[in-house]
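Working notes, structure below.
In this document, chain identifiers A, B, C, D and E correspond to the written order of the chains, with residue numbering beginning at 1 in each.
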């Protein structure tokens, strides 16, 4: 392991994790870290940030572990040699939420069709159809762009700046939901944040099915070859811990008592369903 | 007309004014003199409504100025004040002088003219565009004066207005004050530590001591007939002698002052303890041999103890059993060959001796 | 570190190419923060004067409260305004949330305490003899105030500079009540420089963030030069 | 609106129950921001004095620069410090990122301009005759400075209050270089009141945010009362 | 010893000092007098290193004080200064006075003692714990004085140190200054607008006018033999008459002053334009009938134009073809029955007339 130049009072190892906000804000991590700390005599330091910023921290070697949900950018990150040993530990679905009155009439549509409809209705004159986008290059925003693309639209040409119906919030999920609520607009949200906010919102789930809405969370180590002084041992432990049976059980049951439905599904046995390799969900890092 | 009725002012536990009573007539020039810290500035500030008396009332033309806060502005606008520590606004000299006129909504042309005139009058012509902060002490004081004068107040209050000025400038300012009073009928109330200024300018003088007016009177009264030993000392009567009346007839008494007998005009009865005040100017000194014995008054032989220059004069002090000082011109000192240690005779008339009842303490 | 240099290069590029987005965002920043500063100044001066010259009970407590409010986090200001103007809030009917107006209100509230406090400081810096001089020259309340302010203009304008600096650099309230919206019309958008910087940072675009920070500082420099010019008149 | 009331209730609950998390976070806020304020004061006073009494070229420009830096957004300060202390930055070897020390540095940098500017203001408020008096009494440079500061103590302490207020209320830099970490040990954690408020807000827990805001203000009030006490001595 | 060599100071475009040259000896009391705005304060500030001369050098004991900035502190510590506009630190009176001692690292007990003594001396005993900001003008000035004195400087600079004080306090302060000079050998350089103070205290006086010393000399020289018409006016010689020398022998000349002939002691040749200076005190006034014709000097008949009180005297102005003023005691005015419009004879000795070359403009 590394020699840490800052003297630490305890003998505990420190593990620094940069995580996407949805994992943190739902308090999932708060539930499982104490278990890890006890098992491995380590101290876990979690920095919660947007996917973009989290990747930046990783790229600079400021953390030991990344936990994000944007496969495309994760691939680039790993491809560039910054990340290693990615493991998928959970998934859930994005949802399209909107006002109960559903002015665009998208309830029950496929996500792609729903987006096309929102855009059409939104661009019509005298319309009160609005779509609020995260607009922050987060995992959710990436997903949104992917849906526009899948719907056959060119994001920057046909969507962005095509009218006041499409508004980029440039903020976190919670704030974006609040804004959509205020404007009685549509938006794309991860289920966890939506459920956490549901009590304060007049927005309802309108579209929650469709393969494209799949949201996959993974953890990976920062490449110790790039940054020799990252804490790779404990980092390895953490990745393995996330795919361990105990934790997978925790994930599957997390939030059920509070929201009446789970916020995340354990990835352990669903690797086929979510389209990743078995190794990515099962094989411990060595 | 300004009436002071039992005006008192205390700061925390310190009583500064303790029942000042007096009356300044319309069109009068009234000087307040008194030792440093007597409360002169405090009194002027009370009149200008800058502070509130602890007790008593100040009335201007019958109105209690502190009674109705709503009237403060219109009362204040009757008055102009020059402060002891001159302070100027951080702008040009001309702008400084114009402030009061602007408050009264005077038009630009009138302001320019009046300011020019005022600058001329206080001897600062051509200083209009200078930044006021860079002025010398005396220049600032003159700007403050001009500032208060241009508004042509009915009552002009001045707190030691010439403290920082040289005699030539002082004379100019005094002339100006005199003209303002004469030509505009402005009532003027000013404080000064320069008693002679009080005398030159004022119709009446109030001597502020121990929180009250120890004496109010014409300059002549205050300077020749001080009401008390303290006032006498303060107005520059150098010879103040303690004694007891031992004999008396026809208003002329003999006072025993530590063994030396002095004749004085006085109404006090035998046995009364008195202070005798004799102005140095009324005391003659002559070489012992030349003195005429037939003088009807006091002739005391003595030895010169000091000869000290004082302006164009010399102050000669003689020990006659009690110290007596006189003022002689340099010429006289030379002519009479007066020098320390020399024997002389000191003479003064009984009329020149002003007796006051001795202080009770 | 190279990001800083990159940031500088990017800043220059944005400026020389007159990037329309950046111009719109900058213009919005300046308009909103200047408006808030002007409003806050107009409120802070009479408020500060009333407190400074006042003799009412609880004056000291009030001054302490104002000093305490210096520590009001922008997020909290944002939240409070948000609660007041959100659809279900008491002023919801005005539909102000996520508008530039809301940002102006929030920034005004945010900088009001510091500007009031600094006004009080500025006033206490004026020679008491000058105050007496003004009174003795027969100044009305307004004339008195105007002239005292003139005398304290250096300190007052320093307060304005501080107020403006705080307004244009804050992000918590702007993002909460403004929403960092990038819509296609200028008036519906609420993205300002700080919220844009936050966004770029959260996306990991450090050079862009720094470039926008430089643009912001250049704007502040311009405003300050203007203030200094007035200050030394 | 009911969230505000809820916030008050929650604030009272947190305080009376001595919620250990809140106490830890509050203590950390106070320690970090007070340290930063003290450091900034120690730097700003000699800096301000050097500039104010200096006669070097570019003095005016420097003052303008300082005024401009009032507008330095906290996020930009955070970013700059981040770039310096991040592992690949020039000071990365110190491993300061995500530590309270980093937050102290960032806050010090953040408030240094405003404190320097206010020091300059405070000094210019001292009667020039008193400055001459000190010189004429044979003060060394240090004695001169100490005594001028004593004379300007009211304004200087007001500057300290402003600096502290800005430090404890800022969030942008704290979150970037601190990371808002809630670890099991006190020293490793970097969550302070403002970052906690941000977090609560982003999770939609408005009453909790407001409660923490109130706690923050109460702390600021305490610090200000202390400052005022010194000020009036 | 302080040497001023061609000291000049200009502010922006305004030349305030234009080559002041002079020398203040060790242990000397030197007064600078001059009109308001003449540059007295400026000069003192230059000596105290508070400002830098535009040209010229100031040397103390041979060292050019402005040459080596590194020495400033030790040079400054030789000096104490009292400023014209008294300013106090916002602390107690005692703390104010202690400042200089603290700078020199005096111990607490010594400080307490010295401060107590100083308070006593300047007449502010018991004021130690008062907040200095609440003092009256004169009290502040005394604190400033005490503050400069406690450090027992080798050179004491005072800028109008008694401007705000009443005569009684002035006398106390003057005595104090006198004692400091005598007992400690302190060199004292002070400015004053009170010429008599200059005279009472100073060994020598420099008259600052138009940026230079118009005259430097003993008080007697300055007051009786002014170097120019301006100095004469400034030192209070009321009678300054323009004329032309028309005849002369043995050092006594006859001057034609607008038709009136005046005899004067003077070395000037015939045809020279001169100003004649005659002190009022040297002029005698007598009722026309009583005057003795045998007087060897000047006897001019005239009409009294004004009688104005001046302190304990009256100033009598007589029109003899040219206006002449004299100063008489009130008694004399009464005894001689002098009143406006009355005919009198004015007499003065040729020796009392001091002639100076007339100004060139």
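Just a few scattered comments:
Criterion: a residue touches a chain if its C-beta (ideal position, glycine included) is under 8 Å from a C-beta of that chain, and two chains touch if they have at least 3 such contacts.
Small disclaimer: the values here were computed from a predicted structure and weren't measured.
With contact taken as defined at the outset, subunit B and subunit D are each touched by C, E. Listed by label, the chains that touch subunit B and also subunit C number zero.
Averaging C-alpha coordinates per chain places the centre of subunit D 57 Å away from that of subunit E.
Taking each chain's centre as the mean of its C-alpha atoms, subunit B lies 21 Å from subunit E. Between subunit A and subunit B the centroid-to-centroid distance comes to 90 Å (mean Cα coordinates, whole Å).
Chain centres here are Cα means. That of subunit A falls 90 Å from that of subunit E.
Among all residues of subunit C, those that touch two or more other chains are 176, 198, 201, 206. Residue positions 85 of subunit E are each in touch with at least two other chains.
Across the assembly, subunit A contributes 172, 175 as residues in contact with two or more other chains.
Pairwise chain contacts in this structure: A-C, A-D, B-C, B-E, C-D, D-E. By the touch rule above, subunit B contacts subunit E in their complex via residues 11, 33-37, 41-42, 84-85, 134-139, 142, 160, 163-170, 193-196, 199-200, 219-220, 223-224, 233-234, 236, 279, 281-282, 308-313, 329, 331.
Those residues of subunit A lying in contact with subunit C across their complex are 49-50, 52-53, 55-56, 59, 135-138, 161-164, 166-172, 175, 179, 181-183. If you check the complex, the residues on subunit B that touch subunit C are 45, 48-50, 73, 76-77, 79-81, 83, 85, 87, 89-91, 99-100, 102-104, 144, 147-148, 151, 157.
Residues 1, 3-4, 60, 63-65, 67-76, 79-80, 83-84, 89-90, 114, 117-118, 121, 124-125, 154-155, 158, 161-162, 164-166, 168-172, 176, 193-194, 197-198, 201, 206, 209-210, 213, 216-217, 219-221, 224-225, 227-228 of subunit C are the ones touching subunit D in the complex.
Residue ranges on subunit D touching subunit A, taken from their complex, read 86-89, 92-99, 179-185, 187-188, 199, 201-204, 206.
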